[in-house]
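Each of the two complexes below includes chain A, the first together with chain B, the second together with chain C.
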Partner chain A sequence: MAEVRLVNLVKAFGRQIAIKGINLVIEDKSFVALVGPSGCGKSTTLRMIAGLETVSWGDIRIGGEVVNDLPSRSRGVAMVFQSYALYPHMSVRANLSFGLRISGEPRAEIDRRVADAVEVLELGPYLDRRPSQLSGGQRQRVAMGRAMVREPRVFLFDEPLSNLDAKLRHQMRAEIKKLHRRIQNTVVYVTHDQVEAMTMADKIVIMRDGRIEQVGSPAEVFRSPANIFVAGFIGAPQMNFFRGRVGPGGAIFVDRIGEPVLAEPGAFVLPAEGEEVILGLRPEHIVPENHGMVPRRSVCFKATVTMSEALGNETLLTAAFGGVEFVARMADPREVEDGETIEFRIDSDRIHLFDPVTEGTLRRVSN
Partner chain B sequence: MNRVQPQHLDLSAIDWREVARRKRRLVSGGSWGMWLAVAMALLWMVPFYYLLITIFKSPAEFATGPKLALPEGLWPVVGNVSAAWQAARMGPAFLNSAIYAVTGAASAVIIAAMAAHGLARFDFRGRTALFMTIFAGTVFPLQLYLIPLFFSYQSLGLIDTRLGMILFYTAICIPFPVLVLRNYMSQMSREMDEAARMDGCGEFRLFFSIVLPNASSPMLALFLLQFTWVWNDLLFATVLTQSPELRPIMPALQVFQGGYASQSPTVILTASFLASLPTVLLFLAMRRTFMTGLTAARN
Partner chain C sequence: MGDRSMSDSELGALDAERLGSADVRQRRRNALTGALFAAPALLFVTSFLLYPVAMNVWYSFTAWRKFEGLGEWAGLANYQRLATNPNFEAAAINTGIWVIASLVLPVALALALAVLLNGARFSDTAKTLFFLPRVLAPTAAGVIWYYVYAPNGVLNGFLSLFVGPVDRGWLFEDSTITPAIIVAFVWQTVGLPMVLLLIGLAAIPRDPIEAAQIDGATPGQVFLHVTLPLLLPTILVVVIISVLAGFTAFDHIWVMAQSFPGKRRLSLTVLMYYEAFTNNAWAFASAIAVVLGGIVLAVTWLQAVLQERVDRMLK
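Here is the complex of A and B:
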């Protein structure tokens, strides 16, 4: 069993505290993605699990054992680095077997493990090449192979796809996912790319400024973001936010939108009448008239298009009303001129409401 | 909207002479500059030409004929080599030079690599101060060390010993490689070190199995530079050694100098030529590695 448990984990660099006491359970055999903007502490957390950074406070437990003071090699973890970190002076074969050779594994065992990795990752034709003779994707596979042969309890990935082009990234995403299904290890995967996190992970951990903002499945963090930060971070283009006020009967009034938005009954814990709230709407839930499904319950308003970005299958419209800008997705697109006024429909069943002070969600916690 | 078709250029219509002319117009700095450079290069080569033709002349031919004329035959070189070899006792001198240059330069570069790895990778208090102290070794003129070194060596009994010479050359050759290798190693991927640590490397294995092989090009270039410096050193070798059995090649050539020296210039030039031959041959043999090493160290 290789459950990873972080208990009150703190990392300080001098007087600067990078990780501010995080608690997280990463279940055995799960694929967990740590996401967040640059400097949020996700890589530092991973490096502490790897044993490349000391733990300033709190504990890291792998398979129930506290590993704070164990060197990397004794933790049963293997890491795939952003730059692949292959040994340039060694062939692919030597890169794969280096760790096993220095730990004194018997020759037959080394050959067996290397052969397994080579077969899974289809590295056969490249065994005698140096890393400089490989493409980015091939190097990435060698880096994964080097981690695999150690048969670790936990796989750590530190932004492994960020140096690849878009097409290869897509392909490697699928390969890593397949690899996880096949070898069934615990995976901790760090990325700043929320698409990677959403498509690969069983569980996403969203971090900001050394703290965990939300932990949940991809669907959970997308559908029920815990706060404005998560709502804005997960989803591209990001969620639109409008200032509104609570009216009678739980209606939300937004300036310059004539009709009130009626939230799904019972879904939110609303503040008192007259109090301010932040209304969040994803671009796909602001539907341009005649482009996309008409929502079951909706509110109409007009806005002027300031920019349109045609993506082929859809167009992203940036529009404004009363000084407020937002982005909407136009399905089945037509050409739109800048300055054109268009009618939009807000899908009332898909709104998010947040407290403007705490920035937390007002959604009722369902049991 | 009209459909716009991309128009393809007929590539067979390209006039390749015009392509070459355009390139020449862009890169050439004018023919005057070129001729000036050629003239300077020729002027620079006159002493080498003088050396090369003189070693093939007999003392008599050199004394009577025009100095820059081509030699009449090639055989006099044998007599010149033989005279030079015996007069300067070049056999033991070559051996001494080889021992000092190889041992001194190699130990210096390996010690410098270890120091550079430490300075580039370990965070410890006083790291910059330590580096600056080592670096100061390259700043002061070397002659400054001569007198204190002589007296310290005298009190330690290291004057006129092989150990003394090797110790001195090793020490004097360390600072410059530290400077170059520290910069080089700072730019090596830290993730590579970390990957090696995760693979189970301790510090020494990391250094010898991962860092050293990846720094071999600049290390080899530095070895060549330091080898040449030790080989060509006259001053320190003259001061720190006295007996002919321990003297390297450069001070050995001093027999040709002074009031009682009576050898012909053909023999003296032959001795100089022979003395400089090993460094030239070493450079020619390793020039490719030397150039890649220099480029690697610069980048």
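Here is the complex of A and C:
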């Protein structure tokens, strides 16, 4: 049992407080991704779990035991670094077995575990090479192997794929996921790439400025972002935001869009009539006329395309109306000229509404 | 032509010589530029190093003594004299002691200091203190230590506090003079290797060390298995600097052994100086220089071989 529990965790560097009292339960055998922009404290949190940073306040518990004062080696964790952190003077084989050798494991046991890792990660042909003779992807696999052979209770990944090219990253994502399914231990995975977090994790923890903004499954944080920050961070291209005003009967009026957007009845806790709200719309929910599914309930408006990015299977349209720019996704694309005026439909059932002051969601919490 | 690539047969039909000629021209231009850049340094090294060395080797085969015998061929006579000269044997043995001491003491001490001071509090002050002797002239350091070792000097005074009156002449006894001078030498020279090793330590990436910590290594194991191997290139540089300094140690010995009758037996450099400038045996001194130079060259070559091996290991 290796649940990881962070209790009121604080990290201060001198007077600067990097982690501001976070509480988080990472269930046994789960795959949890810590995401956020750089400087949000995700790596610091991971390094505290690893024992590479001291805890300024609060507790870290692994498997129920407070590990604050335990050195890394006694925590039962293994870590894969962004830079791979392989030992450059050792062969792949020596890199893999280092941890076991220094802890005095019997030879046969070391051989067995190394052989296992080598088989899973297909490292057989490279055992006698040094890290410098390997490609980025191979190094990454060695780093994972080195963590695997220790059979840790908790696997820590610190942006392990950010030094790989796009294709390899995609491949390694699948491998890490498979690995987790196979060995079934707790994984804490730090990344700034929301796609990695969405595709791999059971649970996503979105952090900003040393605090947790939202915790939830990938679907939850995507469908029901807790605030404007999460809404903007999760999803690519990011969510569009418009200023709107509440009208009678839950209608949201946005300047220069003739008709009001009618929010799904009962889904939101709306402020009083005339108050301002922020309307959030994902690019796929602003549908160019005749491209994509016609929403069940929708509002039409016209906007001028300022830029189009053809991706082949779809085109991302940047368009503007009345000085407000937004991005829409054009399915089944056609050629679009810059300056062309196109009619768009807002999918009224997929809107997000936020409080402009607190930036929190106005969505009603369903019980 | 249309937007297409050439076919294999079209490619095969191209003039092979013309295909390569651009590269040849480029290489020639590069070689010329390289030669021009290297010319000043080459000229300098030739006139102030290679030429004097060649002349020195030539002198060692002559009968040159002060104002006579410069053109007189003496063959291997000077080298034969080396073999029979009792001072040469004693000086060579002492130089050997110097080399071994400078291989071990400054390196070990500097490494210990560097590891202790790396990232420690007040390390800047401590670094400055340990480096300070380095800025003294070696002769000045020699004079200071001369008084430390004097029969009524600081060392005897200090020892008297524990074991009763001591009036040992540390710089007047065969058995103590070389170790005593080596201590002074290490005191003065340890600063540079320490600074070099500190730079080397600072250049070691943090990640493999942290990886080793997580891999279960104790601080001692991290140092032994990760830090030390990664520091090896710097250690090698430090070893070479120290060993060469040991081979060529002169000033400290010359100053501190000023009243020691057997001074010329204390190192090959002192013997060489003595034979040349006191005894006027220029050709014989040249032969000593050739032998010393040969050994230093061999050591430097060994260093180059080791360096390459270490580089290959860490690459």
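Operating definition for what follows: the second predicted complex is superposed on the first by the 367 of 367 C-alpha atoms of A that agree within 3 Å, B and C clash if a C-alpha of one lies under 4 Å from a C-alpha of the other, contacts with A are read in each partner's own complex, and residues count from 1 in each chain.
Everything below uses one rule, namely that a residue touches a chain if its C-beta (ideal position, glycine included) is under 8 Å from a C-beta of that chain, and two chains touch if they have at least 3 such contacts.
Computed from a prediction, not measured in an experiment: that's the story for all the values here.
Taken together through their common chain A, the two structures put chain B and chain C in a clash. Applying the stated contact rule after C-alpha superposition, one finds that A:R364 touches neither chain B nor chain C. Legend: residue contacts after superposition of the two complexes on their common chain; A:V77 is shown touching both chain B and chain C. Contact with neither chain B nor chain C is seen for A:R256 once the two complexes are overlaid on the shared chain. Look at A:F98: by the touch rule set out above, it reaches both chain B and chain C.
Applying the stated contact rule after C-alpha superposition, one finds that A:R130 touches chain C and leaves chain B untouched.
Chain A residues in contact with chain B (one complex) as well as with chain C (other complex) are 50-52, 71-73, 77-79, 81, 83, 85-89, 98-99, 102-103, 146, 150. Chain A makes touch with chain C in their complex at residues 50-52, 71-73, 77-79, 81, 83-89, 98-99, 102-103, 130, 132, 146, 150. Every residue of chain C that touches chain A in the complex is listed here, in rising order: 205, 207-208, 210-218, 221, 225-226, 229-230, 232, 313-315.
Listed in rising order, the residues of chain A touching chain B in the complex are 50-52, 71-73, 77-79, 81-83, 85-89, 98-99, 102-103, 146, 150. Of all residues in chain B, only 189, 191-192, 194-201, 205, 209-210, 213-214 touch chain A in the complex they form.
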